[in-house]
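Shared between the two complexes below is chain A, which pairs with chain B and chain C, respectively.
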Partner chain A sequence: MQDKNISKDNFEQCLKCNLCTTVCPMMAANPHYPGPKQAGPDGERYRLKDPKFFDLTLKYCLNCKRCEVACPSGVKVGDIIQKARLEFGKQHNPVRDFTLANTDLVGSLAVPFAPIVNPVMAAKPVKALMDTFIGVDSHRTFPKYSSKKFTSWFKSSKAPSQEGFDRYVHYFHGCYVNYNYPQLGKDFVTLMNACGYGVRLLDKERCCGVALMSNGFGAQARRNANTNIGAFRRAGGVVLTSSSTCTFTMRDEYEHVLGIDNSDVRDNILLTTKWLYDKVEKGEIKLAFKKDYHKKITYHTACHMNKMGWAIYSTELLRMIPGVELTVPQQQCCGISGTFGFKKENYPYSQKIGQELFDTLLESAPDVVACDCETCKWQIEMSTGLTVMNPVSILAEALDIEETKRLNRV
Partner chain B sequence: MKFDVVIIGGGLAGLTAGVELQKKGLRCAAVAEGLTLNECPREEFIKLGGTLFPGDSVIGGHIVDDGDGKSLEWVETRNLVGTRLEAPYYILSTGKFFSRGLVSNMEGITEPVFGCDVEYAGGPSEWTVQEFFDDQPFEKFGVTTDAESRVKIGGKVIGNLYAAGEILAGRQDIVTTAQKVAEQIIGRKK
Partner chain C sequence: MIYDVIIIGGGVTGVGTARDCALRGLKVLLLERQDLTAGATGRNHGLLHSGARYAVTDKESAAECIRENKILRRVASNCVEPTGGLFITLPEDDLAYQDNFIKCCREAGIDAEAIDPKEALRMEPSVNPALIGAVKVPDASVDPFRLATANALDAMLHGAEVRTYTEVTGFIKEGDRIVGVETRDTKTGAEEKFYATITVNAAGIWGHHIAEMAGCEIRMLPAKGSLLIFGHRVNKMVINRCRKPANADILVPGDVVCVIGTTSDKVPFEECDDIRVTPEEVQLLLREGCMLAPSLAQTRILRAYAGVRPLVASDDDPTGRSTSRGIVLLDHEKRDGIPGFISITGGKLTSYRLMGEQATDLVCGKLGKNARCRTAELPLPGSEKDLMEGAKGLKMAEKAAIGRQGTMVSKMDFANKSEVLCECEHVTRAEIAYAVKYLDVHNMMDLRRRTRVGMGTCQGSFCMKKVAAALAEELGCPEKTDEFVQEYLRERWKGMIPVCWGDALREAEYMRKLYADKAGEGEER
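Here is the complex of A and B:
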């Protein structure tokens, strides 16, 4: 009986146990948010009867998916809320939401003018104006734009040498690497090349669409998703990423939230650390690290890493570095949730949610925090003053490149 | 991925055992699934360096017969696609019906991960009694074990798969069964 009468989101399986409520970071910080049970399966029953029951407070959902991780009945609480927001939610601040969500467009426009854009965006009067007129909180530090795109660097300096390898991987760099922080992409290329793999870019790549989804631009998110899935199909093999949220969005949200069938490429979309760990464990790749590398690292598990269950791959790889002293505290939410924490009305909640994590990280007094998510990085760096690095960058930094090349017969 | 002990079901029983084992220096991984009332031991488990896979579940494993009897070689989970969890010892602590450690249908009651032997009597109409507060027969159903708390499949003991907590047949104190299993494993390790 049950197998036949189960909805896609499993919402009728909700037993009202409220376990999701106990793990929801927003619920604890904001009394106006009705919580995952009410916003998700409970509200869904009403919305199915009449869309008028859509509750505007659903905008407070961080889409952290901690509710789904906790749910003992397999209810896709977060997906239900995301879908309801896309279907019924109206944008309240079109200029700001459009600017925050269109990472590709804004990134492409900003990169050529990075030397001007960066100081302007950091200037106090500009921040005050943005706060007043478009509702971007003045306390927020904007990620800096790079003066050269990762793809430009790759095409001019690296692409030819990549064809000399007999094995290769495709790399989905994502917006952050391309417009803000090409160094992570460069570290990825260093790491792959040392392991004996050439790197290729996809013939077409768009933003994964996570910011479009959370800001209510469903149609555009679907276009991006279809472009990316098409590129994955043409690429054929593994496509590696260095951002946990892009990975999670393309593997799970494309299907669950946007309703796009990605089943033929899903297994190929892998976070670099997951792919690398499996290769190392099977003995197909060998890693050698510098003898004099020493670092005290605290690993922060991003919420989407927690949802995918893949934090272990990053932490196990970091543990392989002899000079690393690694601490992995209980998973906590940093509160930024992508573009959410940039918005003026959300900023106080964002910081309140993250406070516990900031305290934990500061208490552990690391040389560096490791994290697979770029928006967690912005939040943690701004709120604690600590430096946050992607595990890929740490691995590239600690790698004894010559020895690793020798071991992998490069 | 290799550990000293893999705990299938990171609830009160699994993590209580995990805490005891971590204290003895055994590296544990706990795959949490189902309703896990584990706030206390979870914090302790992580502090002691235990690895927790929240929201994940074990979907199967490989049982081999090496002549001396059967044993579990590895397990795989839903999230860790392509990565096996391996350990010399395993603990099955997936709870009873609500956490789906046991599954019932019109044909009978089964343990869904490995198909362990389950003790129960009669058909669905005999599993409950009318009066809510009376002893309900289904509460005593569960997997059967040998004297050392190791589960059986088809009457044969799986030499390295221990059961603890609610999943056990009869009604026993959860923490006590977990401590017993931890002691068994620590004893064998010596």
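Here is the complex of A and C:
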């Protein structure tokens, strides 16, 4: 009679079992947050009746999607909350939220002045002022800006040599690589080139939009998404990334939260480790590592890696390095959730949520923590003093480049 | 002690009459054999008719509806949601019907306006996109539980006495005159007698039997109407078919759900106390419902239920074929030579206030009391002011409580009883305590009708134990917790069985697992 009773975001499939409630990191740290079930499918019924039922405490959702991973009924709990926030939520602090959300704009402005911006942003009086006046918590360490954008470096020193390959991949570098840490992008190029692939940049690239979405700038997020999707279409083949959250946003949130059809390009958007593992598995790429490379590594599974189910590709690649001793503890949330943890009112919750993870990581006493997410990296480095590296950088560092090239007939 | 008036029946007509009588200074006793709203009042669409549905067939009812509609929007603002309504024409319907429909609506004083089908789709995105015509009318959604409860509460606040679970078992007569009633407490079996100058029969379909006891006959025709409740609101506006009224052609958004109905079938009197929805009715409701809003096919059905309309045969028609949807007020002194007894029946939810007014006018006439009816002016408790406007920063559960109880939230102790017990409907301990204190609650079912506890997606699976414990504690009988849970489970199953497939079945299985240790409640399946 009813062929399939599938409702929007599966929200009618919710059995109210509360499994999501038990895995929500915010719920455990913050008594004001009603939890994913109530903020999501329960609240949705009331918001459908009248938007006045929108609950301001939804701002506490980390969008970690652990609720969705836990749900036995496939309810898109996190998406429901994200969409409600985009539709009904107003900025709590417009100046700060705009600054934190507009990574492209702020990054482009900061890079030319990096030698000035970095020490200024790190200075105690400045942090105190930001804390008081714009509500960015003074405990927070700001990621440093690079003095040269990744794209500038690539265009001036790498682009010509990339056309000498007979195979190539497109690279979505993201804001972090471009403005803060070009080294990761350089490592990516090194790795790809050694494997026999040239690297091309997209003809246009904007911030994936995750920070815009979580700060309530829906229209701008949609513009960015459409620009990126257009570039993916023109690029044609596979587009690799080195940030788990950008990847997750462009693959899933574009459609689920922003309502943009990305079905024709979605499967081409891949995290580098996922793509590389598949190639190695099929024997299409061979890797050789330095004999003298030794490192004790603890892998932290970012929440969005957990949601995509892709952590296994990063860890399996790391295990291929003979000198690596790898520990993978149970998945925990670090608490930062992008721009969330930078906000003064959220900082205590961020640190409370992350504490368990920090203890676990410190206990494992690694040489380095591996993680596919840059905001987890900031949080872990600031809170534990440990060094965090992207698996791509670790692979590039451990790679026997000449031998790898030979194996891949470069 | 002698009351001025005893009212039999705790449905909306009874409580509406009780309120009117109390407001006019009468000494009132209301008797109900189950709970308030347990009959047809709690088993209908929750539609505040604009009158459009009756415009073509019964102009008088239509005009009555629109007058009452306008009054209730004002005095019962917390129970009424001004959703507006659409009458849609589908390709298989005759578009010519629409012109006559609009003409009849206007003659009855109903503001009906033809709109472009595209405009209708924009206003109501859930409507069947195949529509070829649409008329906008001032239909609205009304919560019948809330409406009746607010009337009972106001009657009590004005000195009326309300006794639920008190069944009338006989009449006390002096000669032909009825001077009181004999009752039985349905929980304890205790028998009592009450005396009053006038007794009003407002017992809906059960009024047939009450009249018989009094020694007269009202030819009532029980007409069963079945409805389905969906898990959330699919539509924002009431959606009707623009054609001769038929089965399952109204979809009403009510609180956080929507309701499709109804069927209409004559049933024998014996069935009125245990009315069930058949699989054929479920199929019909679903099939017709999808014609109004196709997405119903993808929406979880929470439960099915049925009510019995108190249709009355015209007095001169012994066959009972010609029935009226209008108000029937019977002065049994004139009609049957039984002084001290009147019946108020027929009518519909939308006209309950007018029924109360007419009955009270007659009561006052007989008592020689000269007092003006004020129910069209005085807002019901909870409806004095709209608190939602200033509620932005409040917690979800407090907003939900405002939505249900309106200004009465001022009586709730959110500071100490903020724990959310029913999560689907966001009901806190504070609201439960309020209901126990003010709204005459004796068990879980009563509490459900006052607060929506357990009416949500999980149908009480997750909360009933917590709620039962809280209720038992608030009532001062903590030992009753288990009894409350069992009673609740037995009742809830009834509505879930007819729609037990898909997600409703998963929910039911889950419920069964959770309560498997509780005395075989699930066995009924």
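The working rule: the second predicted complex is superposed on the first by the 405 of 410 C-alpha atoms of A that agree within 3 Å, B and C clash if a C-alpha of one lies under 4 Å from a C-alpha of the other, contacts with A are read in each partner's own complex, and residues count from 1 in each chain.
Following the convention adopted for this analysis, contacts are C-beta pairs under 8 Å (C-beta built on N, C-alpha and C of every residue); 3 or more make two chains touch, one makes a residue touch a chain.
The shown structure was predicted, so the numbers you read here are calculated from the model rather than taken from an experiment.
Peer 1: Report for A:Asn178: first if it touches chain B alone, second if chain C alone, otherwise both or neither.
Peer 2: A:Asn178 contacts neither chain B nor chain C.
Peer 1: Just chain B (first), just chain C (second), both, or neither: which does A:Thr339 touch?
Peer 2: neither
Peer 1: Is A:Trp310 contacted by the first partner chain B, the second partner chain C, both or neither?
Peer 2: A:Trp310 sits against chain B, while chain C stays out of touch.
Peer 1: Counting only touches as set out at the top, which of chain B and chain C does A:Asn262 meet: first, second, both, neither?
Peer 2: After superposing on A, A:Asn262 lies clear of both chain B and chain C.
Peer 1: Of the partners chain B and chain C, which touch A:Cys17 in the superposed model: first, second, both, neither?
Peer 2: In the superposed model, A:Cys17 contacts both chain B and chain C.
Peer 1: According to the contact criterion defined above, which of chain B and chain C contacts more residues of chain A?
Peer 2: Here the partner covering more residues of chain A is C.
Peer 1: On chain A, which stretch or stretches are contacted by chain B in one complex as well as by chain C in the other?
Peer 2: Shared contact residues on chain A (touching chain B in one complex, chain C in the other): 17.
Peer 1: Taking the touch rule as given, give the residues of chain B at its contact with chain A in the complex, in rising order.
Peer 2: Chain B reaches chain A through residues 1, 34-36, 42-43, 46, 51, 53-56, 77, 79-83, 98-99.
Peer 1: Under the touch definition given earlier, write down the residues of chain A that touch chain B in their complex.
Peer 2: Of all residues in chain A, those touching chain B are 17, 19, 68-70, 72, 267, 277-278, 281, 306-310, 312-313, 316, 328-331.
Peer 1: Can you check the complex and tell me which residues of chain C touch chain A?
Peer 2: That would be residues 231-233, 253, 255-257, 282-283, 286, 297-301, 388, 391-393, 395-396, 399-400, 403, 420, 423-424, 426, 456-458, 461-462, 501-503, 506-507, 510 of chain C.
Peer 1: For a test of understanding, state which residues of chain A touch chain C in their complex under the given definition.
Peer 2: Where chain A meets chain C, its residues are 1-7, 11-18, 34, 37-38, 41-46, 48-50, 52-53, 55-57, 73.
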